[in-house]
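Shared between the two complexes below is chain A, which has chain B as its partner in the first and chain C in the second.
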Partner chain A sequence: MSRRQDRVQDGQPVLQVRGVRKAFGGLQVAQDIDLEVRQGTVHALIGPNGAGKTTLLAQICGEIIPDGGRILLNGQDITTLAVHARARLGLARSFQITSLLNGLSVFDNVLLAVLGRSASPWRMWGNVRRQEPFASQARALLEEAGLARRADDDVLALSHGEQRQLELVLALAASPALLLLDEPMAGLSAAESAEMTQRLMQLKGHHAMLLVEHDMDAVFALADTVSVLVNGRIIASGPPEVVRANAEVQAAYLGEGMEEQPQSRPPA
Partner chain B sequence: MRLPLRGMVAVLEWGLLAALLAAPLLAQWLAAPFWLDVATRLAILALAAVGLNLLLGVGGLASFGHAAYLAIGAYATAIPIYHSLYGGGGWLATDNGLLHLLLAVAAGGLFALITGALALKTRGIHFIMLTMAFSQMLFYLLQGLETYGGDDGMSLDVRSQLPGLDLDDAAQLHWLAVAALVAGLMLFRMVQRSRFGLVLMGCKARPERMWALGWPVRPVLLAAFVIGGMLAAVAGWLSANHATFVSPAMAEWTHSGELLFMVILGGAGRWLGPLTGAAAFVLLEEWLSSLTLYWHLPFGLLLIGIALWQAGVLQRGGRP
Partner chain C sequence: MSAEAALIITQLLNGVQLGLLLFLVAAGLTLIFGVLDFVNLAHGAFVMLGAFISASIAGMLQGVPGGWLLGVVLMLPLLALLGMALELLLARPLQRAGLTPAALHLAQVLATFGVLLACSAVAMMIWGTQGMGVVLPGWLRGQVALGEAVQLPAYRLFIIVIGLMVALALHLLLQRTRLGMQLRAVASNADMAAALGAPVDALRVAVFALGAALAGLAGALMVPIAEASLGMAVEYIIIAFVIIIIGGLGSLKGSFFAALLVGMLDTLGRAFLDDALAAVLPLELAETAAPALSSMSIYLLMAAVLIWKPAGLFPPPTRGRH
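Up next is the complex of A and B:
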């Protein structure tokens, strides 16, 4: 516990969200959101469906521009920067619904992820699949993820578990400074989910992570900080134990709200 | 069943390329100059279709205005020739074929850059409609050019002058068209295998993911749109010299539809696909127009039928 807190204080802030506001018509999906993710830590964002978690991630990665407030990545203001430019600054995400490049091979998917951080798209000659060091890097990542024998298959031929795995490989391929994870456990079996938690555990310390997840086992196993988002507002934020004990949170989410979360299991 | 079929398609594609190369000799041997004319037209249409194949087959952009570039390339040839013969036109007046080619590529590229930048703000059906609308705008613009024949179009009274080549010689013109086609096919092959080609394929598969991976999706698609337009503009330059006639009708959307059919017929994204597509198109057109005066309707129905059948074959052949 104390070791965990030390680490939290040591890390520089990688992501700073300051006073971010967003409304869809009359619906306030982000109300003065303040949030920080420090180097080497995992910040979990939990809350009921429709709370605005995915929308907040979309604002951080640039698909949606906030109505107000600022977002900083490693101190640089990225509030209105294009999605691909943020990615090149070291921001990566996995999608809530698996979003692989269908029709392309597993290898091509990873190769595009490896190249995406630094390579110019304008090279129109040469065989991209033979170009080093990128091709070797892609092969090594597949090896590491246990997907090497699937390299030449169309991603559509993968099992759901393999697709979630590849989804993570794509997000990590460019060694991002910050990883946004939107429900990485969604639709996974209990065993697969434990495996994914294990995998994220290994990654912890290498990448700062902002994790949106309904699986409370995973959240409490991984997170250094937990923030609770309800109706676009953060109602509690702090170390997992403290947040779990918070009465307001219990009432709003962790208590009877649990039954409304199809993918969640009660905290251990 | 699957493998022999694919093998047959490959044999057909390479056979066609060989036949195109040998067409002037075959036509002379068979004393059938008409077929050389058909073969040249085939090569020119196939080149335009190669440009569209880059957009549709690799980048997933169904442009319904690709015939506009044939018209642009053709007028970029016809207008300087007109002025070189009848005065006026200032710097435009020239019979130099290389300058015609340069002008065709520049004008085609510029038109693609402007209309593509606007059309690519949309996707799917809206993109199709916009590209079609821009080509129709060009169609009306060309109709308004009274100096150059208005909606009747105009004849070229001489062909482009090229060093060491005589385009009045049907065989030389044919080989020039085939050389351009081969160069276009090789360019397509090179781009498809390159990093740019892979990025383009990714943009076709899922643009949101490509953004998230750090790729500037719209500039990449725009670049492909410009390259595809330039290739078709070269085809327009050849077409003006082949038919010695240009008209606004070249830009009509029906011709864009025909180019789409050629690409789909040959298998979108297949390297040599536009060749078989254009061959099937040209031969069917010749055959049906010899059978009946009212060949347009059966022709359209046949094209749709073949495209649907073809899509099914490729799908079955592509799945493990």
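Up next is the complex of A and C:
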């Protein structure tokens, strides 16, 4: 715990969300949200269903444009940039539901992710699967994730565990500055969830991460900072122990039994 | 070689030629539907405009060597611009209107049918109701001898060559190039493709430009056989939809084989159906039934394929949208 505490103030801020507001009709889904993710740290965003976590992620990755406020990535204002432009600046996300490019091979999925950030699509000549350094990078990433032998299979042929693994490979392919993780533990068994936590532990320090997760074991194992979002407002933010002890948080979200899982998990 | 065999070979080649021409019409339609999930009835108007514009340019360049070919080539960028305009002015605002998928498809059908009617009206104002022909260059006017007994008009051979080249080029584009890989990614899951850095908006514009240019090419190549006419717009949108439904909506490979099948069936039906029917029916009945049956044949084929394979011959993999 103390080792992690030391690192909290280490890095430069990678993501800065400043005073972001968003309303759908009369419904305020984001009210003056301030949030920061520093280099090499994990910032967890928790809150009850419908609190506005997914809407906030959508604003950070560009699917929804805020009504007011600013979003900065490595100091650059990205508030109104398109999704793919943000991806090219180093923002990667994993989706709440497993999201892969069905109908394309495992290798093509990874190759696209490698190409995505740096390469212009308008190069017409030459077999894209032999263009270096992209092809070698894609092969190396698959090797690293233990998926090399599935390279030519359609992604639909993979098991659920393999698909989630591949999804993480895609998110990491462009060595992103910031990784947005939208419920990476969703639908995983207890054992798979522990494995995923381990893998994210290894990645910690290399990438700044914003983690939305209901699995409190994972949140408290990984996070350097925890923010609690309720009704579109951040009601508490700070080191996990402090947030855990906050009376307002306990009343609003965590309930009486802190150790209880807000979301039940399927058996292994 | 017997005369019968020569006739059959000639008709088979005619079927291939018609099939490849129909493939050029269907390819753009299935590309726009497959990659962008957009139902584009205005595609028929692009076929007609490609025919009229190329014929007009060729008419202005009469006497200039290569004038006809120049008309076809100069028409292509104009049609690509029209395709881009359709994406930016119509497809994109509809996409962003926040409609449900079913309502969005209906809106696309209604809006692009409006564009088809408007294009027909404008074409009638510019070119009138008369058909418009072109003069082919000498090297395309003769006959080419294939073996002893089979002779094929050089122009039909030219269409076969162009059709196969376009099919190969599209296949390589989609399967081998960077652009093609990103297009397939958008077809599979546009949100995910954008998150991985594919410039989805620019790709949408490019697909519309390519689809419109392909339709224009098909229209231009039809002019020496059938003249440019207002009726092309409606005639070819229907047959193109039959083809992409048979082939599997959104599948380029499917539309290639379905177009060949339709072209072959149509040609052979017209050539041989009356004789075939006469063998089993009284002569008089056979002669009335044959033309009716052969004009229905492609719809019967579509019905049969849909009963056998409801998603078409080569359905593309399921979309992974969420």
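Just a few scattered comments:
As a convention for this text, the second predicted complex is superposed on the first by the 252 of 268 C-alpha atoms of A that agree within 3 Å, B and C clash if a C-alpha of one lies under 4 Å from a C-alpha of the other, contacts with A are read in each partner's own complex, and residues count from 1 in each chain.
Keep in mind that, in the parts below, a residue touches a chain if its C-beta (ideal position, glycine included) is under 8 Å from a C-beta of that chain, and two chains touch if they have at least 3 such contacts.
Bear in mind the structure is a predicted one, so any value in this text is a computation, not a measurement.
Partners chain B and chain C clash in the overlay (superposition on chain A).
Legend: residue contacts after superposition of the two complexes on their common chain; A:128 is shown touching both chain B and chain C. Contacts of A:115 after superposition on the shared chain: both chain B and chain C are touched. In the superposition on chain A, A:157 makes contact with chain B only, not with chain C.
Looking at the shared chain after the overlay, A:87 reaches both chain B and chain C.
With both structures placed on the common chain, the touch criterion links A:199 to neither chain B nor chain C. Shared contact residues on chain A (touching chain B in one structure, chain C in the other): 61, 63, 82-84, 87-88, 92-93, 95, 99-104, 108, 111-113, 115-117, 119, 121-129, 131, 154, 170, 174.
Those residues of chain C whose C-beta lies close enough to touch chain A in the complex are 173, 176-182, 184-185, 187-189, 191-203, 316-320, 322. Against chain A, in their complex, chain B makes its touches with residues 190-191, 193-199, 201-202, 204-206, 208-217, 219-220, 223, 320.
In the complex of the two chains, the chain A residues touching chain B come out as 61-63, 82-84, 87-88, 92-93, 95, 99-104, 108, 111-113, 115-117, 119, 121-129, 131, 153-154, 157, 170, 174.
In the complex of the two chains, the chain A residues touching chain C come out as 61, 63, 82-84, 87-88, 92-93, 95, 97, 99-104, 108, 111-113, 115-117, 119-129, 131, 154, 156, 170, 173-174.
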